[in-house]
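Okay, so here's the structure we're looking at.
As written, the chains take the letters A, B, C, D, E and F, and residue 1 is the first residue of each chain.
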């Protein structure tokens, strides 16, 4: 029934390749099927100015898409002179999600910038960015620990994200673009490794939804997140 | 226990004054306690270009805040030269929420722009904008029906929104600013008059949350939305 | 003869409601007939950088208009990405006018920002902004005096403004939009409570004018300003 | 008493060199003492879109200043990414002033753009721009008449401008920079060749002013304008 | 003597992987040692407006760099709100270079946009962009020919580019970043497959140069280009 | 054969008038036939921030063009809100070229900004800007030496530039606009007074070129530069 032939609760193949960028303190390429996102973590010695003197660190994110990551070419945001509302919304979400998994006091007064650049898009880019961004962040923090720059690990738990939705009347896991573009209801779920919720965004894209449907999607999400956390562990092993 | 002395499931006083703007096709001033938002609906004869020839209409929204709506002055976005990521995220949400309550085919090839300008802020401005914006939209559509410009009513149901969160360890309804600024978990719930869900955004602002807590917040939201829908009806009576 | 039925030297009803914004150090809503402007004064502890170390304070102003303050919707300047030339010209005028009524040495090294936001427009918004802005400024300065932050009153005199013009061949006081849009000559007059002139801007909008006509308009302006100053006093009483 | 040694009612030396720009339909270099402005007129076959089908033409102006026209270098507006409020205010004034001297119906559906670029500044640049801009406009219109593109002359009268102010307690004509920077009251006067008024802007820059002082400045302005109109005639002869 | 241990006339390892982007009409990943650039070609049915009705096509290019392609993080241009002067200079060069290898009449009224995005930077990114961009362009044109959209091949010859410079007093081929950052003279050479010159940019970065040195660099460039053209052929085979 | 009737190796008449701007530390008007550029040098006491504490100075350049310097009016960059790619490319070239002629250590921690504003354009504006900009720079540095602010002369040699190209199949010196707009190959050559090369940019604008042609153009450039250096010397005498 699904265009890809997947089962309702079947994820796309997930591949996370760590250490793909020579210069970054942490990096990976995450592939969720045909969605490919390059994630890097850059450590800055100073926190943003509003945190100066608080002893707290910060994690933030930026998101971009190569112009031809999409089926028809999208205008380059640098040429357009601004980031779209969609881009800003996504990068704010990534930053919030990753910060929720970090003890900012243990991180200390520094900032880690996560860059998520979509090389190829086929639905679910913001979720892939969170899942891959966490691996880049974890690798960068490992470097700080190894160097002795920080002494206690600020990473509280894994953070991963997946989208689920109602496609052709049925709850399905990990929407790809052909599903996403027609789904009646669409949700993004950010969870921790222990299954606690960090962010949940559900939106009626044509049909309103019920509490029951919400529960079904959440069940699928929990299953998917467990697989993503396993993939994160494998990549770091 | 709540700074305002309200009960856990008690809304702030809701007042919706319709017809407050002389020039707009529909308008109201909505007050949720000390949060005051001026909402107007402007009808444009043409749809956005991507809908030309489809027979479908469009509803969109813009959001703004007077510089001194807040406790300390916020920089004017027009002077800064751009809308913040927060503003864009909010106005995209308002537009999506209101569109979900409209039969765009019955609306026909025209656009209705909902402007939500916060005159005074005390938490919950995006939810107030949706609830008040719906009243402005309803009034503008009433005018189209009365004039015979459209013949069947495109309004599918009421749309209203409320925020709930975990404050001091307890689920509370309709967060005001003192609660919102320290709440561990914060959610915005957009529902229809019949209690169907349109949009649900929950976010851990310092503490992750469980499915049980999610359910509690949703119970509160359903109670609050019923009261908001009653206030919308009273304003239109 | 006037569209509104007013006499040639008759002002619109003037209402000034003080203390309308909970957060601002000073505020009022000024209504000149159907022109409604929300004015707030925000005190900042530091002067602009070019005044650091001079012992002098600064008063500046920003002006905005809600998109649907006007008969047809005006594009939101924050969305357009810049303030129009008209907006900048108006806010520079408001700032200059109010500064002329202040002893900047007595004010000391601080800045007061006057925000004038037009809620509804029917001609004369810049004049209403000056007259209402002065009340907001006066209230904010009263707070500084009461708190003992400053000891001698920096307010030199009332400042108020009115527009006059040649409409249908006759000099009329306080143009509303139907008059303003066809007036051959149009002037804005900013005067002090004692009748001294601060700013005078007259412009031929289709017909040049003579010194005699200039004198007639100025006579009307002096009459109007006296009434506005009385309204300011009543609002502060 | 004046820094330049001029009498109270003495203008700076005025020189208007026509035809200084090879490509423009009309051009001149106007020198008011050390203030030098290059003015060009460019004819465009189409009017701005809001005039399409009305039979009316348009005259508009743009104003700029070379970075080192001033005593200390001013940041290039093209590099800053926007025109300052001051620039926009000035170019709106120039455009309004020149349009007031044109029968837009006789001009027909075309636009003439007047560019005024300050090569060297010593006070009074906006007035010099109007006086020189009129010469460029007159030359461009002469070309249209000569070519038979238009048949009746749309130029109604000369337009010229001068600044006057209260310097060291005395009314003086044609302020240069040392005077302008300390003048208590400062005014710009735009008049026609027959002495009718087009625009009058007076502003208290530190001291309010009386009707009597206003009259004195206007007397000076009338004298100055007569000399400027004579210089325009000489340049065109 | 070279930091990398290469001989004076030795290129870095060149790898060109074609067909790396699922959505693009043509694409490749080019690696010049540690410099990696993703190149895509997007065909648009319409030419830019200035070519409408001429029968001629257009090839243009855009260039970008991921924020962490560089040793320390570079600010994202989309977030900064504009492309730097360097970026614009580079993308203008790429477009000019590729257009010189195309018969725009045979291409017909369409546009091909080449996007060159630097994934990792180690010197020579503009040259790699030209060499790889040509492969993407060739593949996209092959598609047009295969589909019969165009009938005669518009590609006139191979186009490739390499940088050479004076490093530590000696002429060296294919500068990497450690060499580029200290080279006294630096040149970019764009040649055709037959060795004709398209673009030549040499610049003294600290030491002026002579005609003799220019000749030496050109000799090296000719050698390098021959190897690059061979790599292009291999990638297309 | 050339549109202007000049011989193949004949420059346009070169005139350099020094000291044309009252306020600048150094200035000149350079005329290459109908190409006229106003060049000024502004000394700033502080170097750009990246040089603070290094003991080195900086020379930078900005380039602009009056809207009607060209045959048809070009949009004002300040109004467009940004400098074009062409403008940025040119001003980067001018800055690089002039810096190559300066001992930045002898200049010390200060910055000299060269503004080159094209008053009238007829081809070769970037070359004229370099040749004239060097004169402005020389004059400004002379002032620093005379005042004793710096003690050893940081100017290493003359810097001048000329364009050459293949026009109608023949190598010609100092292209004017009618030649430049159709030339098959076009080059800009920046040389020192002693004939050393600083920058060389050759570009195929329709026809690729050979090493032999390159040599011919360079021969012409060397002849032209010698004449320009003589003109610089005459202007400074």
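Points to keep in mind about this one:
Rule of thumb we're sticking to: a residue touches a chain if its C-beta (ideal position, glycine included) is under 8 Å from a C-beta of that chain, and two chains touch if they have at least 3 such contacts.
Every value quoted in this text rests on a predicted model; they were computed, and no experiment measured them.
Looking at the partners of chain D and chain E together, the chains they share are F. With centres defined by CA atoms alone, the chain at the far end from chain C is E.
For the pair chain E and chain F, the fraction of shared interface numbers is greater than half, so the two copies use mostly the same residues to meet. Rounded to whole angstrom, the centroid-to-centroid distance between chain B and chain E, based on C-alpha atoms, equals 51 Å.
Per-chain Cα centroids separate chain D from chain F by 33 Å.
As a whole-number value, the distance joining the C-alpha centres of chain A and chain B reads 28 Å. Contact of a single residue of chain A with at least two other chains is seen at positions 81-82. With chain E taken as the origin and chain F fixing the direction of travel, the chains line up round the ring as E, F, D, C, B, A.
Residue ranges on chain D touching chain C, taken from their complex, read 82, 85-86, 88-89, 91-92, 96, 100, 192, 196-204, 208-211, 214, 218. Put simply, chain E touches chain A in their complex at residues 21-24, 27, 34, 38, 40, 42, 44, 62, 64, 66-73, 76-83, 87, 113, 115, 117, 119-120, 122.
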